[in-house]
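Two complexes are shown next, each including chain A; its partner changes from chain B in the first to chain C in the second.
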Partner chain A sequence: MATDSNQQDYRLPANSFLATTAWKVSAALAAVGLVGSIAGYAADANRFGYSYLFGFFAVTTLMLGAMFLVLIQHMTAGHWGVTSRRIFEVFMAGAPVIALLALPLLAGSMSGRFGMYDEWRLVNGPGNHESSGHGEDDHGGAAEHSALTIGAGVAHAQEPEAAADEGHGAEHGEAHAHTPQEQRLHHRTLQAKSGWLESSVWVFRSLAYLVAWCLIAFLYFRWSTRQDETKDKMLTPKMQNASYLSSFVFGLTLTFAAFDWVMSLEPAWYSTIFGVIIFGGSAIGMLAVGCLVAIHLHKHNLTHGAVNGEHINDLSRLMFGFICFWTYVQFSQWMLIWYAGIPEEATWFHRRWQGGFEWVTLTLIFGHFVAPFFLLISRVQKRNLGWLQKMCLWLLVMHVVDLYWFVVPQAHTPAQLDAAVIYDLAALLLCGGAFFTFVLKGFARFPLIPVGDPRLSRSLHHHQTY
Partner chain B sequence: MSDDTPIYEIGETYLLPQGTTVHDITEAVARVTETKAPRGWWICFLPSVSLLGLMTAVIAYLLAMGIGVWGNNAPAYWGWDITNFVWWIGIGHAGTLISAILFLFRQKWRTSINRFAEAMTVMAVLCAAMFPALHTGRPWFDYYLFPIPNQMDMWPNFKSPLMWDVFAVNTYLTISVIFWFVGLIPDFATLRDRSETMLRRRIYGFLALGWRGSHRGWQHYERAYLIFAGISTPLVLSVHSVVSFDFATSVIPGWHTTIFPPYFVAGAVFSGFALVMTMMLIVRAVFGMHNLVNIRHLDLMNKFMLGTSMIVGYAYAMEFFIAWYSGNPYEQWVFLHNRAGFAQLDSLGNWGPLWWSYWAMISCNVLVPQIFWFKKCRTSIPIMFVATILINIGMWFERFVIIVTSLTQDFLPSSWGNFHPTFIDVGLYLGTFGLFLTLFLLFVRWIPMIAIAELKATLPGAHPNLHHHHGEEHDHAHASAEPAPAE
Partner chain C sequence: MSDHETTKKEPKVAEKRPALYLAEYETPNAVAKAAMKVRDAGYKSWDCHTPYPLHGLDEAMGLAPTKIGVISFVCGLMGLIGGALLIQYANNWDYPIIIGGKPPGSFPSMVPILFECTVLLTGFGTLFGMLHLLKLPMHNHPIFESDRFAAATDDKYFISIEVADSKFDLTKTRALLESTNPSHLELVQEEVL
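Entry: the complex of A and B
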């Protein structure tokens, strides 16, 4: 429990669970995940690519959620979140781990061992698509072109079934099921953007996102921890001023990372709201984790009330708001695509409504929105920390399911409990374990609240009037 | 230490100039309704009423002739009518955002502008409602829009987003009016208690609903306020989302895109803030409200506009990027030719005919607000006055671009066309300004334009020393909360 020195500097007592055991549990899980991942990679590297992307991206969104919460706190200069800000800062500081975890993904898809981006990688090469010279004789009008593209889209939508019937779902030769005409048009659509999706350009962009995140995380973490020691008030306006440009960079990198890593799994598909949805989910995931940490700190009196029920309640309200926001943007995307019923767009949802994924979709609707909405709407529910803890755990699981829903249906495997799903889990454990090990060590190294923030005393006395 | 003592070193200040008393606030706001209107008010009011007269005349002509007098044609079935509808509805959003969302986020600076903006919401929605009501051609049958049981068994099409609009806008208007009125009750009571004539006392007394300022009254009031804020918050999002569905559920290139709902909401808040700012700068000058709405508030509003401008810019960029990324030739045609103009020429080598409207939109909505990165621009009244007007021009063009560039050149070149507004289009749009400004000026003159009670609650003296009750449990925390800047 708390020691005298802890009262002075808000550091984690050396004998607390967070300081001693938590990171070891996390590291052990990562080790288990590593073993599972190696097995998964050996069994089917192609399919494992999806597993790894899922695990990696689920953890990345947590880091991005944390970065958003840090930036928005500085931007709005509010005081209620000062004491809980350190939690998010520590998670944000896990950005270098994310960069490391990205390397296998980039290497795997560059080397062609992970096949998930092959469809557009091979569009200009001798892949399972026809050769690029094929479409040259077709100089038809735009109308003809697009009508046939739509045809290709319809055929595209039927692929998973066809692939499943043939019993080789993990293969990427889906274009085999198309007529030559459809193939050619699908090919031409992809060829038009092959420059954007081309491997080296894609890797370069990916690295740029990772560098940007590491830089923002590094600067903000350093400024904040330096303020712990120097108590320099002027760091606060500095962080606020930097937050505007940082959030601009953050918004663009998050969006394009979502486009490049996840949306491009279905290379002919597109949705302008895609980045916003990933952003909304990220915030929920991180707020759930943040509430869990804050509740732990509060319950074990590790911050002596510096992070108390008032702050946790505000965090949970923000989380509730983001549950509604996530639903709003997810619904917008689905409803508009469903209503218009354009085949090349509908194919994406088609994949998520067959082969068992309809249950994942339904789980998201009820588990990520309906249930949490009614189980967290009341102040009484949010103020009951035991209840909130359970709900946050649930929402964290739902956030992972959300990312699973984004990534894995693209692997053309049915969503059933077979080896592939175990490997999905293994990749999640590997990435999550590695990230949390680093983060949890961070909690032991730095004060649990930003003790140098000039608004700290206001935050310590934060009381909700409404 | 008071909870809200500003930390000057990091740029915090009191919201109102130091030394402002509760009496000053009451005086400044209530005086407007009690004294003769200043000359400036009349200078604004007379042209406004003239424009209102123009609107009446134009509507009379429109009803007599039918909506053929508008520029709408085939294929531009929608023109200025829906553009103006969306623009006006958007204007209203700032009020709801300020009164509800900023309230929930405890942004105390909102108290100087919320009443004002809420009133603008109500008036803007009324102006907006004119357009769909008139564009049915036979407004006397507009009750058909509502699902009223009738002997012909005729029902509106519930699957149509236009139908959802009817519900969304009516709900929005209802809630906005009630919320506005609930907030006004204590201030009406203040006016009643200051009244010197029986008539004023009767009228304001009626409006104050028997408010006595009792502890219990305040408790109910604050609870009601919170509930209304909670109800209004999803309305800020839902109304303009439903408006965006009018376009996005179709398959028209340039309309059917998934980012439309949040993009429309952000644009609405953006333009709403800009008009609130324009109007506030005028009223502030006419009635001398410089202390209550000071440069600090304007600075914050400008930051807010910069933020929403960036969100709108993000949406423009996404639309443009995805139009290219989709590989869909129709999307590309709309964005590269019809909108950007030069990026894809037609077979004769011409730019898209409405390229200038797209670039007017980009310049006003994305480029102009970038000046607000600089504090000098955020705190210069002439600059922000011009900028907010440009933003509203840009936001009008945004709707015009979306509607007209998509409709005039869609899938089939043989059915392409163009759109030219008529004098009636222009007259009706200007006329709605007459309606808006007239209502607004009457509001300013007779209703407390700043929320007296709420603004008083931001004064330093209004804060009981909260921490005293809880100080003990944090005493040890205090020791390390160095420096305690405001002790």
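Entry: the complex of A and C
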């Protein structure tokens, strides 16, 4: 087999499902998502901001999970993951699509049509306050949502007319901050954060994350595909050396992107482990997708055994490990807040235990941890590819639910599951469809395994005895 | 033997009995092929000795998957249940106490301890289960009576079939091993104590 690696090109056959149909299906789903998204935006632009953030960030975490797996494999220089690395490289190479998909989010929140970040912008002063002027096209517009998301004390101090406009706005605000002390604290936290969360700084950072991801993805994908052609062994240590700095950049950008885009939906609340939780979920989501692709390649013999049960077994064990890791950090964050029982901190979880979101929370506890833990713990279960396929699909759904749980409860105060979930799905289809269309085209264009990697032969003969 | 002979030990001429057959091979392929033959002959109490792990030898020997996973899982479950019972007994039933304003024996506060108990008992189960499955600690083994066996950590490959095996027969087992073309074959004897 080792000698074969030079003769076979390991390319996707032109008539295979992945090369012909898959990307069309994906593009069609994106088109459906686009129609739904436009409808959602027209119905309630402010609510659609949350939908879009959810869809965009769910797909972004997949790309970030892929980037993590590529970087970590270069850093550890193991041979087990060489043949499956190309799968993750192709997903990582979807970073430009992520950057494009981020533009509506940035534009929407900067123009004031998406009001989800307005709470801290209003605190920051009247400079960013003109957003309420843009609200004519949707009913109520920015004035309504600023009253919805803003703490009552802040609302009365900064924008009495907005709170007075909407009768329910004021009572929502009161539900948000219960006591005068809490309002003051709320306000102070926001003031302390206002420089960091100021609009232009925020959008500059967002662009910096996207540029960093595109750069890492571009460099690693180009080095790896160049190695396919030149068989240049020196590219391997080059990629390894670059992976140390890249992983620092990756870890910081992921953490702060999670802070800026998702955690700041509740600006008075903060958790230092937030980015780590997002990271753990990203790894699960991408490993589930990677396993699904690897199982597909294996079942249809598209890599001639180069990606086989041994490699898939490794990926599934890594995925199992990350399920435990995700649970560990999620629970740790929750337990510290539960133990302290401070209203300012508990409010974030309170939102996720009301208005129907308690069922989403329970789904995560049992569907994202308890059930997969017992259904994937044994070697026999992870070696059964049919079983693993179903579990991966399930975990991918759970990863999406996880991000839904992070984003959407912030849409209303008090939190409420609403009919706009259909637009959440539309935004997910739009972003996911666009991303997968690009990625699936990539599978058809490049060899399915890194044929130039000097460790390829060892990886082809990779064998697990345990 | 030692120079200060005691009066008690009269039968100084060591009585010996057969302990195992030791077949020596030059190449990994030879030992793997021989292992398949021994496996197919239905032996249970036998082993291969190689200087480094040989991929595929487990299958050639017909080794069943290890039971260590099941042992660890059961022990972990015992840790989980035992920890839960201990906390509920101590903190909720025998001496209910309110800590941090939480009700006695509230579930979330138990979780870190349940986690620790599970990990601890899983660790114990894995370690001691492994020692048990490997029959360790074992202070000596008759295979070390062979002078040639030292090469098992250097450049030779060995198969040993022990007398304890129900199919062991001095002539038949020797014939089987000879049919695998070992470079050397010996009957290792151990002293009767």
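The working rule: the second predicted complex is superposed on the first by the 390 of 466 C-alpha atoms of A that agree within 3 Å, B and C clash if a C-alpha of one lies under 4 Å from a C-alpha of the other, contacts with A are read in each partner's own complex, and residues count from 1 in each chain.
Note that a residue touches a chain if its C-beta (ideal position, glycine included) is under 8 Å from a C-beta of that chain, and two chains touch if they have at least 3 such contacts.
Predicted model only: the values in this text are computed from it and were never measured.
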| item | value |
| --- | --- |
| Chain A as common anchor, with chain B and chain C clashing or fitting | clash |
| Touching partner for A:378 - first (chain B), second (chain C), both, neither | second |
| Touching partner for A:304 - first (chain B), second (chain C), both, neither | first |
| First (chain B), second (chain C), both or neither touched by A:339 | both |
| Chain B versus chain C as contact partner of A:456, first or second or both or neither | first |
| A:366 touches, of chain B and chain C: first, second, both or neither? | neither |
| Broader residue contact with chain A after superposition on the shared chain, chain B or chain C | B |
| First (chain B), second (chain C), both or neither touched by A:17 | neither |
| On chain A, positions contacted by chain B and by chain C | 335, 339, 461, 463, 466 |
| Footprint of chain A on chain C - complex, ascending | 53, 55-56, 58, 65-66, 69, 73, 100-102, 108-109, 111-112 |
| Of all residues in chain A, those that touch chain B in their complex | 7-10, 76-78, 80, 142-143, 145-146, 149, 188-190, 192-193, 196, 231, 233-234, 236-237, 244, 248, 251-252, 255, 259, 268, 270-276, 304-306, 324, 328-329, 332-333, 335-337, 339-340, 342, 344, 451, 454-458, 460-461, 463, 466 |
| Interfacial residue positions of chain B with respect to chain A in the complex | 1, 3-4, 7, 9-12, 105-106, 222, 226, 234, 237, 241, 245, 248-251, 256-262, 310, 314-315, 318-319, 322, 324-330, 333, 373, 411-412, 466-467, 470-471, 473-474, 476-487 |
| Sites on chain A touched by chain C in the complex | 331, 334-335, 338-339, 341, 377-379, 461, 463, 465-466 |
